[in-house]
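Below, each structure is written out as structure tokens.
What follows is a pair of complexes built around chain A, which joins chain B in one and chain C in the other.
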Partner chain A sequence: MNELNLKFGFRDNFLEGVRQPEELEQFVKTCGQQAEIDAQNLRHKEINDLIRDTAKRQIKHIILRNVCGHRYIGTRLSNSEGETVKIDVYNYAGNDLGVFLDGHHINVYGNAQDGVGNTMNSGEIVVHGKAADVAAMSMRGGKVFIRDNVGYRAAIHMKEYKDKVPVLVIGGTAQDFFGEYMAGGKVILLGLNLKEGEMHRANYIGTGMHGGVIYLRGNVKDSQLGKEVGIRPLDEEDKEIVEKYVKEYCSHFNCDPGEILNSEFKKLLPVSSRPYGKIYAY
Partner chain B sequence: MIDNRKIESERFLPDKDIENCGLFGVMNTSGTRFGGEMAINAIKNMKVRGNGLGGGFAIYGLYPQYKDYYALHVMYENKNDEAKKNAEQFLHENFYVVYDEEIPTNPEVDVFCPPLVWRYFITPHKKEINGVSEDEYVISRVMDMNKYMQDVYVFSSGKDMGVFKGVGFPEEIADYFMLDKLYEGHIWTVHSRFPTNTPGWWGGAHPFSILDWTVVHNGEISSYGTNRRFLELHNFYCTLYTDTEVMAYAVDLLMRRQKLPIEVVSKIFAPPMWNSIKYMKEREKQLYTTLRMVYAPLLMNGPFTVVIANQEEMIGLTDRIRLRPITAGAKDDFVFLSSEEGAIRYVCPDLELAWTPPGGEPVVARLNSKDHLKSLNKSV
Partner chain C sequence: MYSHLLPEFVVERREDRCIRCRACERQCPNGVHVYDSDLDTMFSLEENCVGCQRCAVICPTNALSVRHHPAEYRKNSSWTRDRFQNLKKQAETGGVVLTGSGNDKSYRIYWDHLVLNASQVTNPSIDPLREPMELKTFIGRKPDTLKINMEDGEPRVESELHPNLELETPIVFSAMSYGAISYRAYKSLARAAKESGTLFNTGEGGLPAEMRAEFGSNAVVQCASGRFGVDKDYLNSAAMLEIKIGQGAKPGIGGHLPGEKVAEHIAVTRMIPRGTDALSPAPQHDIYSIEDLSMLIYALKEATNYEKPVSVKVAAVHNVAAIASGIVRAGADIVAIDGLRGGTGAAPLATRDNVGIPMELALAAVDKRLRDEGIRNKCSILAASGIRCSSDVIKAIALGADAVYIGTAALVAMGCTLCQKCYTGKCAWGICTQDPYLVKRLNPEISTQRLVNLLSGWSHEIKEMLGGMGINAVESLRGNREHLRGIGLQEWELNTLGVKGAGE
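The block that comes next holds the complex of A and B.
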């Protein structure tokens, strides 16, 4: 035994006491192509083990009940044969929902916590509620739709490569450092819950941004923007992109795209692709 | 010589600790006392935020039958009887000790090296001694005990409140002290994980307390050195080698001694950036400039979320760019503060409101008020 471990009583709180999937069969109810997992008394690793096992049995629709802060839902689900599953989460997904998600679809019928879609590769996450901090952090592909607000640092370090372009659509407003260090991808902030004439409150929008684009509905002052971003009007191509994703947003949350699209959008772009290049090279 | 031999271990000790402290607080703003079930279950829900090296609870409204006396929770490390004799002699010399007893524990709960923990209900001999108020007198004696007495450490020293803490997961500490069975209070705060940059030891677990102020903290106060030096000028001595201690003393200095409201204190700990002050209206600009000038050494730099409490208030605050999470919730007279929303939902499934305040904006739950809702319209 490691003396330090013994002395300070260190325990592995992630893996200690985790049961094997065989012991957890009573938590899964299968009905044809659909399975329900009761998460009430499960650890997050146990949930993901069960999702994996269930998906291996060719079940394409998994419903998670009594979720309350369980982390990493939907991770470790490979997609080698291109077969994807749909996961419905009731109600409160924990941190890093859909982390590294690869092609699967997750619906959350409640709020999500920090790190929704962290480093996700492809697929779709739809949150019927709000998300906390660092939503879509380091996202590399796929789509995330958040019905209401997001916390600090949404879309931080989102990136794109060739045809892999991540998309984040937020129905409400965002807190500070929105789009911080963004390197790619498309982010749409709709501000649907802002009152007439009310501005977005986020400060430091796009600080350190050097790629990608933010489409913003509603108003912000120049002083709310990071030094690295500028405001431009939308061109025809931009309008098509916004229309496409607003329509998708509305189909998820049953609202009218016409009204949203009738209002004015701004486009936030990085003014330089290497804002600090001069510090490192001369 | 450092011994470099590899020691076989059944347990995995990662190079870097990947957890993040878990905080939770619940208050009944009408002052109705309730049991520990919510606090214990909520922190259990956030188990992965802790690491079993520290857990602790602060409870207010704990000793209504002794509410006029200072309640001292004193820990004797290594179950040192000699230390206990010395400490008790010291207490009897300086105070009336109205009642004392060992804090009951459950011997069947397996915790790591538990100390002896005793409680004393005390009062100074006179209301005022040489112009020094009762509170000041108690603080200075408690500081002396912590500073000079071997194997003695005072967990808490406020009226009608107490801190229970130790090495282990918080639910184990709760079991050990039988918190859910023996106690009720109108505020419960709880912390999971261990003090930053310190090995886990019983006195070093959160909450940190001075008189009836307690602080539980997630993060790391990188301005610790500056803060500590400033506090030493005001006779607060840091004895615990961890950052959170400065926060507890700073709260005591600003709120109890200097009588500043928490709304101002939070702008001292987490002031707006100069860049934001530039765009404020003239009066605000003056206020925030003054605060930043006068209290510059009490700016708490680095990432933090804290839950601060006293008899009347429970306050949640993050650093100004919110590098640590906080969620507030409310239902009827209950106000919740938590690192994660899931923990609140877990103990209060029919929650009415859940909101996330911006960085540096306090959520203040006060007895007989709805002040906690003031932060609502600035939040998401």
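The block that comes next holds the complex of A and C.
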């Protein structure tokens, strides 16, 4: 740092004081194909350096202990050889968990913060807890399962192309702007923690939606939906999709799919693939 | 069609020259020229004419001239013809008036009020034809201090260095996405950047997979609010990453690429279904603060293993200097500032013409603020909008830019005539269209060459002017406002620009 930096307090909170991976070997315990990393005293970049180096040593299962807000877990792992890694996170994953994730599997045994699966490409994230805002934002592939609630703007601008369709399953309920700007993908909102007759709380559901589908268990008023969304009953194909992913959800979180599938689902669809095609004077 | 509008242009056809070859009819995408075989006569539907001049240039006998239509409303300084016409369009449709390319209003162009210095007597000028002249520019974060150790008589840099990009000339092609412009135009920019040792910017429409190996090392790839085509391979194929927060032509609003333009190859590049609108939200919804911006900057660095510089592009707005300081503190290696006259493929007219501030003032303010705070070395500044010629480039550098982005100038080099109808997708010059019939008009070899020529011509001119000032490296001019003087500017303008008035 030069003198001016001191004077004006320039700090790089992210990179300052980051140690080299060689200095961090004490935090990794390897046992065959499995490695355990203690995140207690590690910075964001340090833990990701260690995950990358560990994965390079052909270790396919990494357990992270004492995680507390560490960001970008799994992001730096490449998938050029198509070999995926399984990461178990205890307890609290930080922001942007698995942002740009490419094919790897992440289990979080605790809650996750903002941006779970942000712009994720493929792979799977399972959160045994709740997730904060913008979960699955701009997700383009892979699957995300959240056991409990999600925050604001979940599934915003998810997209799909041909057979690359992202899936987001949420066990609890969601906050406002759920599925905003959705351009593709499948989202299932189960509302399992809602009491009998209790409505979902989100407003502006699917505002600006122009692709994809939301399957919603439980009730919403029309006034909670964005202008660009319509409600339809499920057809046979929809039911198969819901059944498939609810069963997957239940296998992750040990619950009974039969009970969930017995209740009524609604299908939310965009009314147009071009919601703003007519607002301009040419 | 609109019922109460005057035609904007008049098409004059000299009957003595017209040979009824009907080239104009084939060339006009707007259906202005019509041939009547019974009468053996060409007719003009002037109300369709956008003034792109394609027919006038193509006509083999120079029989055509397209001029502003002489019809006038009663003279009125407040109610200009443009205001009349736009209001009538809105009265008829209830829509938002769209436009393309940059702001054409008469806001002061500061380049035209700044003059450069030259050496006379007290120091010698340099002739770039006979002496070395350096335009090489490095883009990215620079260390605070440079520590060099001698080992076995060899110097070694001890300081930690950050990823930097080497440009042969301080001119970079600015963001124009595949989808907004045609594949041929897009590829011409990529090829010209590669040939000239500079960069092109993919915009937010993705980088087609087949271009990555060849042109990735010259590509700036954008991560914008729509996140189109963003995956790890896309990010890692590029030389530099850019987070697009705003655009000079439409600060604060997003973009809609209409579904008609989303053809198969564009759909796969953007990873969205064919024929759906590609909607870019106004903000990036994971960025509501400087802290959030920092989160995305480091997400991109994580995804690319800290090997590539990350730029953040913002529109020049009122508090741009403070915003730029925040961007640098958030971890960006480059700050790109896009000013009031920046171009666009489509923007609401009201926004394009009224929102944002001129880049010259923003650039000077940002450079000064970062210097005052002692963090100027932590980023490079890329200045964008309204760069029309080499002297604009050199003045921008003297005001503090590391390099400039050129968009409109590059399009003009390829054939664009600024008819401002980019949003219709009917570009007669084959640039801003996806119509298979129209895109064929752009020969990629020729347009690549034209772009290379443009960069080489400007670079020569910059060298000449540098030499005239007695400077032999563009590095020595950066932020050197002693080489600028203002003419016809008020005191506050001189203060903001940080230049003296001419004669001082």
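Just so it is clear, the second predicted complex is superposed on the first by the 272 of 282 C-alpha atoms of A that agree within 3 Å, B and C clash if a C-alpha of one lies under 4 Å from a C-alpha of the other, contacts with A are read in each partner's own complex, and residues count from 1 in each chain.
FYI, a contact is a pair of C-beta atoms (placed from the backbone, for glycine too) under 8 Å apart; a residue touches a chain by one contact, two chains touch by 3 or more.
Please read these numbers as outputs of a predicted model, since none were measured by experiment.
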Which of chain B and chain C A:Val150 touches, first, second, both or neither: first
Partner chain in contact with A:Asp176 - chain B first, chain C second, else both or neither: first
Contacts of A:Asn48 with chain B and chain C, given as first, second, both or neither: second
Which of chain B and chain C A:Lys195 touches, first, second, both or neither: neither
Touched partner set for A:Arg57, first chain B, second chain C, both or neither: neither
Of chain B and chain C, the chain that contacts the larger number of chain A residues: C
Chain B versus chain C as contact partner of A:Tyr92, first or second or both or neither: first
Partner chain(s) touched by A:Phe14 [first = chain B, second = chain C, both, neither]: both
First (chain B), second (chain C), both or neither touched by A:Ala132: first
Chain A positions touched by chain B in one structure and by chain C in the second: 1-5, 8, 10, 12-15, 44, 71, 95, 114
Contact footprint of chain A on chain C as seen in their complex: 89-90, 92-98, 144-145, 225-228, 230-232, 235, 256, 258-259, 267-268, 271-273, 275-279, 281, 285-286, 294-295, 298-299, 302-303, 305, 329, 331, 373-375, 378, 423-424
Complex contacts: residues of chain B adjacent to chain A: 7-13, 19, 45-48, 50-53, 112, 167-169, 199-200, 276, 279, 321-322, 325, 327, 340-343, 345-346, 354, 356, 358-359, 378, 380
Residue numbers on chain A that touch chain B, as the complex places them: 1-5, 8-15, 44, 68-71, 91-92, 94-95, 111, 113-114, 130, 132-133, 148-152, 172-177, 201, 203-204, 223
Chain A - residues contacting chain C, complex: 1-5, 7-8, 10, 12-15, 44-45, 48, 52, 71-72, 75-76, 78-79, 95-96, 99-100, 102, 114-115, 118-119, 121, 134, 137-138, 140, 153, 156-157, 159-162, 164, 180-181, 183-184, 208, 210-211, 273-282
